[in-house]
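After the structure tokens below, expect a handful of questions from me.
Note that the chains take the letters A, B, C and D in the order they are written out, and that residue 1 is the start of every chain.
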Amino acid sequence: MISFIVKRLLQSVMVMLTVAFVAFALFNYVGDPISNMVGQDTTFAEREQLREQLGLNDPFLVQFGRFVGNAVQGDFGLSYHHKQPVSNLIAERMPATLELSFISALISLLLGIPLGVYTALNRDSIMTKIIMTGSLIGVSLPTFLIGILMILLFGVVWRVLPTFGRGDVVMLGWWSTGLLTVTGLKSIIMPAFTLALFQMTLIMRLVRAEMLEVLRTDFIKFARARGLPRRSVNYRHALKNTLVPVITITGLQIGSIIAFAIITESVFQWPGMGLLFIQAISDVDIPIMAAYLVMIALFFVVINLIVDILYFLVDPRLRVDRVSGSH
Amino acid sequence: MKQALKRFFDGDLWYSFSHSPVVILSAVITLLIILSAIFAPMIAPHNPFDLASIDIMDSNLPPAWNEFDGDMRFLLGTDDQGRDILSTILYGARISLLVGFASVAFSVVLGVGLGLISGYAGGRTDTFIMRIADVQLSFPAILIALLIDGVARGIFPRDLHDELAVYVLIFAIGISGWVQYARTVRGATMVEKGKEYVQAARVIGIRPGTILFRHILPNVTGPVLVIGTIHLALAIITEATLSFLGVGVPPTTPSLGTLIRIGNDYLFSGEWWISIFPGIALILLVLAVNLLGDWLRDALNPKLR
Amino acid sequence: MTLFKKSLLVAAAIGAIAMAAPSQAQTFKYAFQGDLGSLDPYSLNETFTLGFQGNFYDALTAYDENLKLIPALATSWENPEPNKWIFHLREGVKFHNGNPFTADDVIFSWKRAQTDGSDLRGRAGQIASMTKVDDYTIEATTSQPNAVLMQDLTFLYIMDKEWSEENNTLEATSPSDTNTNNYANLHENGTGPFMVVERQPDVKTKLVRFDGYWKDIKSNVKEIEFTPIKQAATRVAALISGEMDLVYPVPVQDWQRLDEAKGVAPLTGPEARTIFLGMDQERDELLYSNIKGKNPLKDQKVRAAFAHALNLDAIKQKIMRGASTSAGTLIAPQINGYNAEIAKPYTYDPKLSKQLLTEAGYPDGFEIGMDCPNDRYVNDEKTCQAVASMLAKVGIKVDLNAQPKAKYFAKILATGGFDTSFYLLGWTPGSIDAHNAILNLLHSVNKDAQQGMFNLGHYSNARVDELTGEIGKETDPAKRQAMIDEAFQIVKDEVGYLPLHQQPLSWGVRDGVSVVQRADNVLDFRNIVVPE
Amino acid sequence: MALLEIKDLRIEFPSRRGTMVAVDKVSLQVNPGEVLGVVGESGAGKSTIGNAVIGLLEPPGRMAAGEVYLKGERIDNLSDREKRKLRGKRIGMIFQDPLTSLDPLQTIEKQLVETIELHLDVTEAEAKDRAVDLLRQVGIPDPEHRVKQYPHQFSGGMRQRVVIALALCAEPEVIIADEPTTALDVSIQAQILELIKKLCVEKNVGMMIITHDMGVIADVTDRVAVMYRGNLVEEGTTAKILGDPDHPYTQSLISAVPRPDKRLDRFPLVEYIESAGETKKSLDIANHWLGQARDFGDHYTGPLIHVENLYMRFLTKNSIFKKNRSYFDAVKDANFEINSGEIFGLVGESGSGKSTIARMISGLYTPAEGSIYFAGTDLTQITTEKKRDHFRRQMQMIFQDPFSSLNPRMKVMDIIAEPIRFHGLASSRAETESIVRDLLDHVGLGVAAAMKYPHEFSGGQRQRISIARALATRPRFLICDEPTSALDVSIQAQILNLLKDLQAELGLTMLFISHDLPVIRQMCDKVGVMRYGQLLEVAETEQLFENPQHEYSQHLLELMPKLTNVKAA
């Protein structure tokens, strides 16, 4: 177990280095950061001087090496645009994104799993068909349009929910949370649902497919042959086995929720990392872009690790050193 | 051939298809949209991509049935440049579908190829490819597309940009989709590899390449088809989303997504038709494709029959 | 578990307090499409940032509601010799921390504005030397006579020397700063009417009224909350839904909606920015064209054909919803040096345009690549599309490349090697004076002398170059105006540029809130009055 | 009164192509303390009977007619809820595959306790005690400890014991066992059957064993019901059915069972079924393509195959460090020879390494150590693919599973033509196709088969296609890896006959692998016995069966179902 985690961590470091490298290689082409850092009257000599100071004229590998060297010490440099340490900015914005992602992951799990179970158990009912088709409508529209339409309805026409931002936040140490205030809770409803819609459909469909598969296995048949009540068969045996593969996919989905938050955050002006990133792209704020990509990779890596550990906990077959059937 | 057709119409696939009105409707809608996209130049009342033919003075006209400003020339109204919405939807669907199909084809070729190699070769090759897949996964589609678009604009000469925009989208959406195919095909390949028909081929002496393509490939296409259908819907949506982020086809030749994004600016001002009509077209297309994918998934899964 | 419960309780308590806090003050909430770059007044030479900073900082001079120059921290000034200036400073002015304002602060600020990280070196550099005469008098010299020095100084804010020294922020904030946490970036200590109490870049900035402000102002606002909202739709929704008192910019097409919506209204006016099209008149072969071996745009007839092909009225009516002012010259009416006669647009005459093209040898037109930003100016991309469509009607096939401003500027500016043959640009002379436009847009490109740096198409005329220098030195208004007119007339005759319009200022305001919309799109808090 | 009585049962599976009648007019009785065997070949409908009794027919299957009585009480018309109460409590069920019958995520204890608590009115502690007790009863050593374990920690045989314990939980009156030992090795099979028999007598329950295996029938049942295509063709005491069957189907079925006691020239065929007519058409081998060019150019006269000190290892735990890696020795130091024209058998239980040897010879695995000489050439020393092809052509392989050994996406024509094309054995397309047609004819499938896909054929027919493919390179050495173990006994007889004929006609040398001793006795000239990767004994077939030397060989022979009372063919 320990060696497994260590191995996984080593691989993760490689993954993150690769991400950083690829990201860095791409940055050379995303635009000229200087023209976004200065006003229109700034002379070209001054611009060139700034470029030199920032090390933008150094060879690519030197820039990359410098970035990695600093990043391992938690230093992602200064944002070109905000002129602040990127690590501070990310730390400020992370709670917003993580809360949004967490809530929408929660929504997609709390709705997706029961709906998936329901549609699997009642395979041919009318309700199932309605749910299955209805859930597709939600994912057949681009997120931004759903967001705008929601703002239009709930914010402008009915005026029941705030149209932008996080509402009031409360600081718990360095962590700012909007989950403890009324405005904060109201503010998170629309973005979280917008973000959750896609994942919910996905999880629902996954649970349904896996559940149908599990329901056909011998041990379920045997459980029924022993006279176990429907509830026990469906939930204690079938659902639990269904969730094992669902864990992996869900893990990956949570990772992509964080990434997809870019759109949601930008529609709802949600002050998270995604908004920071999208702003950074238009400002060609390379330190923020690099740090964001590395952070996303880090989240993926951490989530993957958690998923693997969960696997160990849930599936007893993995707990003993298994003999791999390589032949 | 005749026999093959007969077998097809006798088969379970056709049976489940012909007995599900929803699926038939989806197929009809998909086909209709695809056909009208292909034949857009013939059926569209205007050519919205021909700048000389559009007049700014016709801009923002409501649908023809509007009693005040409706203009019979423009059945579904016009957009902010005076383009006929109906024609633009037809032409836009062409681009959306092109991007969708081509990017799926790209992911399929890349993903299936790598999946086959990974699953068949195993060992270090497998580990290597799967680690690349991990890295790829930590770059979600949208991020990849944003970065690739930036890079492409940086690398390629300017006069290629307009033509390139579509290819960049195809590449960006395609490259972010291969992992799913690779993983699925890898798994299926590992199962197929252990099957005795593959061993029989090896005993005969057939070379790995031939085994992969002639023997294993045809047997792992089922799940690829299913993922591909759903991925097609996703690709079309992703293209639309990217156009929202300002990465996409040029506004002079809008796709459905670009059109919706343009219309987005006019939602508050009451010129809803610019975004709602293409939005409906997009929903119809994506929903139909998704439903087809759903049906295909169940129909091709022998265990669920 | 218990620990977790406890912290939850604590958190809930904090939450309750936060919610219970009543808003006693008159709070004014507003949103703009972006955030100010920094609180440091020298870190970014950009109108929005400087305009915002003007609410907590003061400069020696200032603009009033109509962009007229008025005294601020300097009560008066003299220009005894062409290159010599004497400033008399206001007494009794206090910084937000209570420190008194003196001549030392001015000299310190001038020096700090010229440090490496400063983006205002151009403005501060106009003054060659500065010496303290007494605590409230300063003597300055310039290297040459300068007609617009006082205008240039309106945005050169005065910082507190002691405060800066205490907090070790002796240099302007810059991303290349080794002093990674420049104090002035997130904190301020100005003399302005408002004080920043909370600053979260790109999220929220909160200001409260500074009671010790030296001047009586109209505003009755006690607290201001500023939120950047990038998406136009979200921004407008926030106003209509009642969450905002003012938002800007509002898309011009949404004016009607704001008019109809209860409790809000659009606030519009002409902006001092002129939008125009530039053409490459230097290269011997156009970059993105099917014409090889020559550059059609070097031919005045072709440029004139372009000018007559553009239906500015249609752009105004359809794209700008009647809110813009069609333009025939590169400066707006608010700018010093404007002449209504010269500002008459070229006539829209596609027939003439066709004929000119035929005369020039292009009866079937030609292809040309066009660069355009899509997030910089009001409906910029839509305008470019309309231009493309209009040119198509006379046979010019435009290949439009619309990009976000970051990429757009990287490509077309000097740093990108002026990689463009036809582009859309907007220009507001920072000094509200024609000279700034002439120097940057009309003068031949001279990188070393920093002349014509935004003359991306390399328009060049010897007489205009000559005039540029004269205008910069000439202090007699009438003579100066004549020279300005001459320069613009030459450009107009040669069709050096294709002016389009002055774009509208487009704000959305809650009913009952009174603000002043300045032509440079700056919101001066001093003028905000909210209902009691 | 019978414990379980089935009267005039009819089970239908409606589908769009019409209603399939799986079981019709079947009446059966199970008495207390008695084991009733229901025997039949695949598709006979025997499993559906078991499912129908406990009310777990897979939809859309339904009971169209008939009645089921438990102790005189009608149960087939009970509500779902009442039926559920019967399951486990009064009727226990045991399924075929112990590996998949248990919930992998829960401990044995949890699964047992859940079932016990459901059916018996006991406290949790009592249920736990009972769980341990049950495990002890079914012969699981150290039950107190093992009850806390998960299913994957048990071997296949042990899991089947757990399954039996679960079925016995609530002391049911009737137990239905659906192929309870099919997935198990011979030695385990014997133990489980013994256990079932013992429990049946001790607890005086009635048992219905559903199986296709005459050996099982002979070993444990008291009475036998023979099913054929959904109908009950004959019922009687085991001795009567095996020794003196009345119905012609039963007669031919029993005669097709390979005899362990003496070697016959050919297998008697089950004449009752239609496909029995599919024997090969005679072909003038000497003048045919197949018979020509059988000169392989080496004029080698020694043993065709000579295996020397052969080892095979599989990595079981990988590690960056060599010393942390662990291996599993699948084959240890195997040595044997196969003479030209001889059929060499390898026998052993699953995992004994017999298939691994076949795969090493055929080149699918590379041996860890040792040499394989084919006609005097050491195959392990061949480096180029080209040279290897020369030998590949001379040896072919027939696999166990007829369902996976043919590529489902290729037409039979292409499947058989592939080796001909690859080795360039025919000069034209037309020639290739005509050869394929002849081959199909020769293995008894008929020319029309060429244009069909594998899924259109039954298991036996597919195995014929496999044989045709193997013959297509005109090999001189054929490896048969359990070629008939997935087939019904009547089909098995046909295939084995075909192999025998071909071997005789073409003078083939064969390596024949099977776990089934009677089959080995019928097919092979020489036999090697394997266990745990070791070749324990190599002997002439008759010698081995009459006088086994190794202890394990003796043990295996003892476990072999004797079918002593079976009527001689």
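In the analysis below, a contact is a pair of C-beta atoms (placed from the backbone, for glycine too) under 8 Å apart; a residue touches a chain by one contact, two chains touch by 3 or more.
Computed from a predicted model, the values in this text were never measured in an experiment.
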Highest-count interface - the chain pair sharing the most C-beta contacts: A-C
Most distant chain from chain A, judged by the mean position of its C-alpha atoms: D
Averaged-CA centre spacing for the pair chain B and chain A, given as whole angstrom: 24
Distance from the mean Cα position of chain D to that of chain B, given in whole angstrom: 47
Inter-chain centre distance, chain A versus chain C - centres from mean C-alpha coordinates, in Å: 38
Euclidean distance of C-alpha centroids - chain C vs chain D, Å: 85
Residue list for chain C, restricted to those that touch at least two other chains: 233, 237, 240, 375, 404, 407
Two or more partner chains touched - positions in chain A: 30-31, 148, 152, 156, 266, 278, 281
Residues of chain D whose C-beta touches two or more other chains: none
Touching residues on chain D, where the partner in the complex is chain A: 54, 56, 84-89, 92-93, 95, 97, 100-107, 114-115, 118-119, 150, 152-153, 163, 166-167, 169, 314-318, 328, 330, 356
In the complex, chain D residues that touch chain B: 16, 359, 362-364, 385, 388-389, 392-393, 395-397, 399-401, 404-410, 418-419, 422-423, 451, 466, 469, 473
Residues on chain C engaged by chain A in the complex (per definition of touch): 7, 11-12, 14-15, 18-19, 37-38, 40, 43-46, 116, 119, 121-123, 173-177, 180-182, 185-186, 200-204, 227-231, 233-235, 237-238, 240-243, 375, 404-407, 409-410, 413-416, 430, 440, 447, 450, 453-454
For the chain A and chain B complex, residues of the former touching the latter: 11, 14-15, 18-19, 22-23, 26, 28-31, 129, 132-133, 136-137, 139-145, 148-149, 152, 156, 209, 212-213, 216, 252, 255-256, 259-260, 262-263, 266, 278, 281, 293, 296-297, 300-301, 304
Residue numbers on chain B that touch chain D, as the complex places them: 3, 15, 195-197, 199-207, 215, 218-219
